[in-house]
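Down below are the structures I want you to see.
Each of the next two complexes has chain A plus one more chain, namely chain B in the first and chain C in the second.
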Partner chain A sequence: MNKFLKKLMNINSKKQIPSNSTPSKAQEIEMKNISFETIKDEIKKIFGHTADLKADDILVGKSEAIIFYLDTVINTDFLKDMLGQTLESPVEQDIRITSVDELQAFGKKAFGVSGYKLIHTLSEMTETILEGRIAVIIKGVPAALTISFINSEGRTVSEPTTQTVVRGPKDAFVEDISTNINLIRKRIKNHNLQFEKFKVGNETRTSVYIGSVKGIVNEKILEEVRKRIKDINISAIFESANIEELIQDKSATVFPLALNTERPDSVSSALLDGKIAIITDGTPFILLVPAVLTDFFISSEDNYQNYFMSSFIRMIRYLSFMIGLLMPSAYVGVLTFHPELLPTTLLLSVIAQREGVPFPAVIEVFIMEITFEILREAGVRMPRAVGQTVSIVGALVIGQAAAEAGIISNIMVIIVAITAIANFVFPNYSFANASRLIRFVLIIVASILGLYGVLLVLIFMVAHLSSLRSVGVPYLAPVAPFIVEDQKDIFIRTPIWFQNKRPAYLSPTTLDKQKPQGSPSPPKQSKGGSGD
Partner chain B sequence: MKLFGKMLISVLVVFLLGGCWDRKELSEIKLVSGMAIDKGDDGKYEVTVEALNAAELNSRTSGGNAPSLVETIEGETLSEVSHQFSQYYAQYLVFSHMKLLVIGEDVAKSGMIDFIDYLERNRELRDDFKILIAKDSKASDVLKVTNLYRKSSSLKLSTQLENMFQDWGGDPDMRINDFINDVTLEGKEAVLNAVVVEGDKKVGATVENMNNVTPEAIVLVDSLGFFNKKKLAGFLPLDDTRVYLWITDKFKNTTLTVQCGEDEYSAVRIIHSTTDVQTKMDGVRPEFNINVKAEGYIEGTQCYKSLDKIETFKKYEDLVSKSAADKIQKTVAKMQNEYGLDIFGFGEIMRRQHNNQFSKIKEDWNSYFAEAKVNVNFDFILRRTGIRSDSFLDEVEK
Partner chain C sequence: MLKENISLSQLITLVINFLLGSAIVVGVGMEAKRDAWIVIIAGLFIGLLIISAYYFLLSLQPGKNFFEILEICFSRPVAIVMSLGYICYFLYIACRVIRDFGEMISAAILPLTPIEVTVALLALVIGYILYMGIEVLGRTSEIFTPYTFAFMLMLFIFLYGSGNIEISNLEPVAANGWKPIVKAIVPSISVFPYGEMIAFTVVLADVTNFKYSRVISIFGVIIASMLLLLSVFLIITSLGENIALRSNFPLLSAARLVSIGEFIERIDALVVFIIMLGILIKSSVFIYGGLKGLEYVFNKPYRFFSIPIACIVSMFSIFISNDFSDHIREGLYVDIFVLHLPMEYGVPILILVTLLFKKWRKDRSAGKEVKA
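Right, the complex of A and B next:
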């Protein structure tokens, strides 16, 4: 087994390709070393036979020029207007640009200070063209003027699909990164909110932003995140999950070590708590680190509801986590090893129900749980049009027919149903998935060792949880290590005027959130008043 | 990698060597709800178990068959016999849900309670089943009477006894640990509730017994059996069970009838009561002071006048106190004079309060008990008069 694994690793290491040999990266050739006549060939050499690369000869005033662009990336309607109004008919018709300084002056005049960008190397130029800019090269000038014409068509901001709330903001992130940052900026109008840009993925060159609030975020943690993002050496990034997998502290775990959310309000409040947001271009899911276990039991709606209600709901979430995790294994364990634990009447009714069921309890549980997982996966993957068919067939097959045919007992249907429902309570989908897997381990162990085995697995699970770190922060914080001050928003939600400190386990630069204050009290009666 | 291998081995060891040893599928077990011990002809004991027929106890799956299977095996030890029941039953018997242990009168009288060791030692059995004596019949007969409530005899009896204990005070609430305690204590004799099977036992053992409004056979709580060391010594009427609970401070609730006029009676419901027994040695004669504090309300009265006056309340309080004190006096006197057995545990209280004096006389405690002076100080407080003050009968007379 060991040898086999080692062999596998060796093969992998041999296959590694040096990262800088990727073809998309153009050589660092400066513009001044290429003549105006050959530049077309140079660019075409870099891009190869792509059909959407356009190179058009134009006149800027009196100077000859070429523009390069990818017509699938830029907005061609804008380009046409621009060509007519600015480039080909500049304000002064007889302008002639001969030097970099003149090009800069022209750019400033025509497009404003931030509308253009001067670049000097071929590789830079390639990158800007890929980003959706057009590059204008004027004969005799050793620099290129690039203007953004990005076609930002995409989904408009709509309601969140995975993290819905009854009361609270109904907007969710979209695939476009600038829209996403805009959604956060709209909520936190603060100059300390900063976004650092990184390019990740050797082939995809995906934009990744690290968002944080200066003066709140712990600089050490921020530096660690920065370092991990920089260290990523991978060919492609398509979703924030790829980043999550590449920056997490320990890879062999089923628990998510970064919180993903598509809610701008969750991200904003996390940023103000001292967390760091990792925003990836092309996905509506934003990562929040460091993430601790208790984060996954908190919904942003908790803060928008009455705090007694929120606390109660939070307890329900913890309870349903336990139910979702333990119900099937407890059923197997108690029925096959510890029938004395059930009240006599309940046990009698279970025995009566299970009479004639052909399978042992553990097989019964497995059949039902696997069937449910199949149905669930089918429900996610199937085309929308056949959705109803699957759910009707599923409900009928599992719920009624199987129990009526005597293949499984009625109580088993109840167990599976309550387990499934309990699993859907989580505000965060990825954490629910973790408990789904552990549930199966628990069922197997319970069928061999009973409740003793269940406890054994739970002990291992807690040991594993306490060994986890999210960007260096203990995963079980603030419960282990126990921080009294942080308990105000963990198992219960205290009123927000009572939560005057930021979570200490994140060691934020400034711990105080606001000045301590009480809840407002009714105005005092003047002396001699009748009181109440 | 080494760590992985080690962990794999240890997990496999736990699973392959330790797993599944006590695994029993539900369809392969049968719950035992009651056990009865009689004197055997061939073996020392005749052991009867009532094993429940689960499908019959569930109204959805019930098919009108017998609710339980009662079978008897003789043998020298309970432990061997309990594993021999596969002679009769297809499934494995599970004793952990046993509710009732019935001891035959003949077994109790001859003091053959050695089998209790097995019940106490066995890891599967709980210690919360009730122990009964079957008076005037074989213990196995008690388990063979069907009834409508939960159908099985032992399931019915366990609920019945609990209610009797809570509502009126007719069951001493003896569990196995209480019984073992009382048998071993030097200053206390054990008691057990006694039940009788009334009616035709043959019909009682059939499903038809459940078809009658008044069943042909029924098990009823009859009296209080008391022991002299290991041997059953006699029975006290049910009324004395209540006094027993009162003195031993296990009392829950009861209704007491007092005479308040010529052929006129009142009933008070007593809902709280605490008992404190003080003992002392008056020379060679022990003296017990039983102080009872009780609270209650009028549940019904035939002497209906002036129930809104404080004097009437006082009158009732005195009446109840006197009547209850009388009952306690009589029961203790009966035990002193007729049997000379201290079932109330005065000796045990004295051991705790005056250890030196008790240890001198503990060998012969029961004879000292018989000579003892008993003072009862009953303090009853009347709290309410139900939801009426004056009775309607008052209006009728006007």
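Right, the complex of A and C next:
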């Protein structure tokens, strides 16, 4: 019966992931059907001519054994120690393993702590070897003992590079997935924090974990995320962006429908709000879903400084979003179609500056905006060694020199600079990119239809935004549909003792964060007559 | 097909913008000259009456929209003929609303751009919104409405600050007697904009919390009337009745008076925004009414019709009249009696009587059965 079930499961797994890496029929063979002598050849057949596959004959007690491993994946120093201490140690000299049960007993005794696993088929064995485990096969035993020796060398935890804060934790996620989960676990010491493992990517078999806090997260949303991750059918996953693209509700949009962050504190607080973290192996960026538009305007530092200040900064962010989006198109629209909207003195000064400029306003804006985009891209891609050159040349092109040469007006330099800086205010890079694209659409429309066109595009944009959903949650959630209780942490940040509820738009299982309480206050002075 | 729903807060913004719509473009109650504010206040009560009546009509058959109620009252063939009439009526009003706006844009904002272009682009955006569904319309309106309030308030502050408001312009009250005022109330303001809420007989059926939608829409009518009152107050007090009467777009003219410290001048953009949002919502609601009618007649999801109908509306908004004065004349002297009165009052009353009669007969027969 058991065997039948196992077979069934194997068939199922084959159906789900049709790919190169799925075991072929030859690999489905169970261990007991292969003799000890031919197993080396079988494994070699599967792996081909790869140079890093090692198959060594050893003695475990008195029994003959072979160990298989990829020496590029495992930590060979550990392996040497382990061989000396356990597998070939003198203590175990007289041990003799002849059955699966004995193997299990041995594994428990020797590797109980470091985690051993018994496997029964060749395909499983292939997979475990690829994961960085070693497989020990003992003569006459129809199973293999695998032990994890993964070489987790990688970047150490360092400061975040894209989402920096002045005050707040300075650690950021790294490429290694267990380190990342460790960083989250360190912050939420709660047994309800759970991680589910998935293998995504038919060729890469990348580990993807879905993290959520049971009792807070909405089970329906979690189930939806689970379903979407399972439904992914793609050959390779290298970054969480790949996953983001594959699970979003709608592809035809420039707006990011999942929040990515490299800050463990952001992830932790989002998890406790009822969001779901999607952690991908090999990338420091963790996805948070469902994401709503206002999430992209919230930095984790907002909670680490005075709430008046945070509210002000948040206002500045929304303002700079509008500036970054509208400044160039408003310039074009006003100058081309509605110069009368400007106060007379300002209009005169602008016109005087544009005196010698040979281009119409829209061409001027386009030249400068495109130049800026080129500089920006160059700044990101260039080798560090030539960085100086680009910034000096860039400053010349986009700055005073261009204005002095009479190609563009001074006010244009100011507008491009403000737009550019406003675009860097976002705590999240991916949202800034969306506004960059729309900016160009707005400039073109403004040059044809003036401010009326700008307004039309804005209405179109809002309509588009309100049609978006992130894992079923409306993208403009606490604003449209309007939810009064959620306004405590959207446009302004209220004090945290006042935010007693989790965001209702996520429909969390338990809405209350903590018992409602008053503001912290000094101890009441007991005056003589007041108490009675 | 998933049932779409709009929330109560979305409903209230829809009602507000709907009533502001073209009323704020061309000015309302202007026949009564400086007493237009009396007309608006009277209109408020008529509006409350009308929306309550429409709500009562819908509550007799909960969950059904106007077209489905037509079928219940009469048979499906008759209902289809009447629905086609209403579809044409709704789309015609949408054309008129969009035309109002197009005329304003080409007269005051973009004089060199052909009106066909401005109208077609607006219609396409409306088509896109309706293609996404009534939910998206509700959310869009919900997001922009706070700006309408803020801009209206700013307009008031700026006009007041630049010293343009002369309360004495409102005096004397009822100088020409009460006849023009009454004439402006019945039928003018009771069919435009209040009677046009007939389109909400289609939208109200989509509200999540139908029970509260009466209270909410009544609040919407009150708030919208207050905003209309404010706009009329600003127009009359700042422009004076003579200029206000002669101006095609009185609120825009009033906004152009603003001048504070030689810096805050020409805040047309604010007014254009208020107007544009109103127009967008109003014409969308009407087109949505038409689309729902088409859905009822042809048994196809209304989304399929949205873009083609938007194109047709944009085309006919140009064809319906030769120029602006023709357009306004048609609205003031022809439509009221030929279209508005029968469509907004006649047929609904007929339906109401039929429904009540059917209910009465059913109750009676049920009573008889119990007795027997």
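Here are some notes:
Heads up, the rule we're going with is that the second predicted complex is superposed on the first by the 497 of 532 C-alpha atoms of A that agree within 3 Å, B and C clash if a C-alpha of one lies under 4 Å from a C-alpha of the other, contacts with A are read in each partner's own complex, and residues count from 1 in each chain.
Criterion: a contact is a pair of C-beta atoms (placed from the backbone, for glycine too) under 8 Å apart; a residue touches a chain by one contact, two chains touch by 3 or more.
Just so it is clear, the model here is predicted, and its values are computed rather than measured.
In the superposed model, A:Phe337 lies in contact with both chain B and chain C. In the superposition on chain A, A:Ser466 contacts chain C only, with no contact to chain B.
In the overlay built on the shared chain, the residue A:Ala352 is in contact with chain B alone; chain C does not reach it. By the document's definition of touching, neither partner reaches A:Gly387: not chain B, not chain C. In the superposed pair of complexes, A:Pro360 makes contact with chain B only, with no contact to chain C. In the superposition on chain A, contact of A:Pro516 is made with neither chain B nor chain C.
Look at A:Leu449: by the touch rule set out above, it reaches both chain B and chain C. Look at A:Gly406: by the touch rule set out above, it reaches neither chain B nor chain C.
Counting contacts as defined above, chain A residues 337, 340, 344, 449-450, 453, 456 meet chain B in one complex and chain C in the other. On the chain B side of its complex with chain A, the touching residues are 1, 5, 14-15, 18-20, 22-27, 29, 31, 33, 52, 54-55, 57-58, 60-61, 94, 96-97, 99, 124, 126, 155.
Put simply, chain A touches chain C in their complex at residues 337-338, 340-341, 343-345, 449-453, 455-456, 459-460, 462-464, 466-467, 474, 476, 479-482. By the touch criterion given at the top, residues 7, 9-10, 105, 109-110, 113, 117-118, 121-122, 125, 128-129, 132-133, 135-140, 142-144, 262-266, 268-269, 272-273, 276-277, 280 of chain C touch chain A in their complex. Listing the residues of chain A that touch chain B in their complex gives 1-2, 5-6, 335-337, 339-340, 344, 347-357, 360-361, 448-450, 453, 456.
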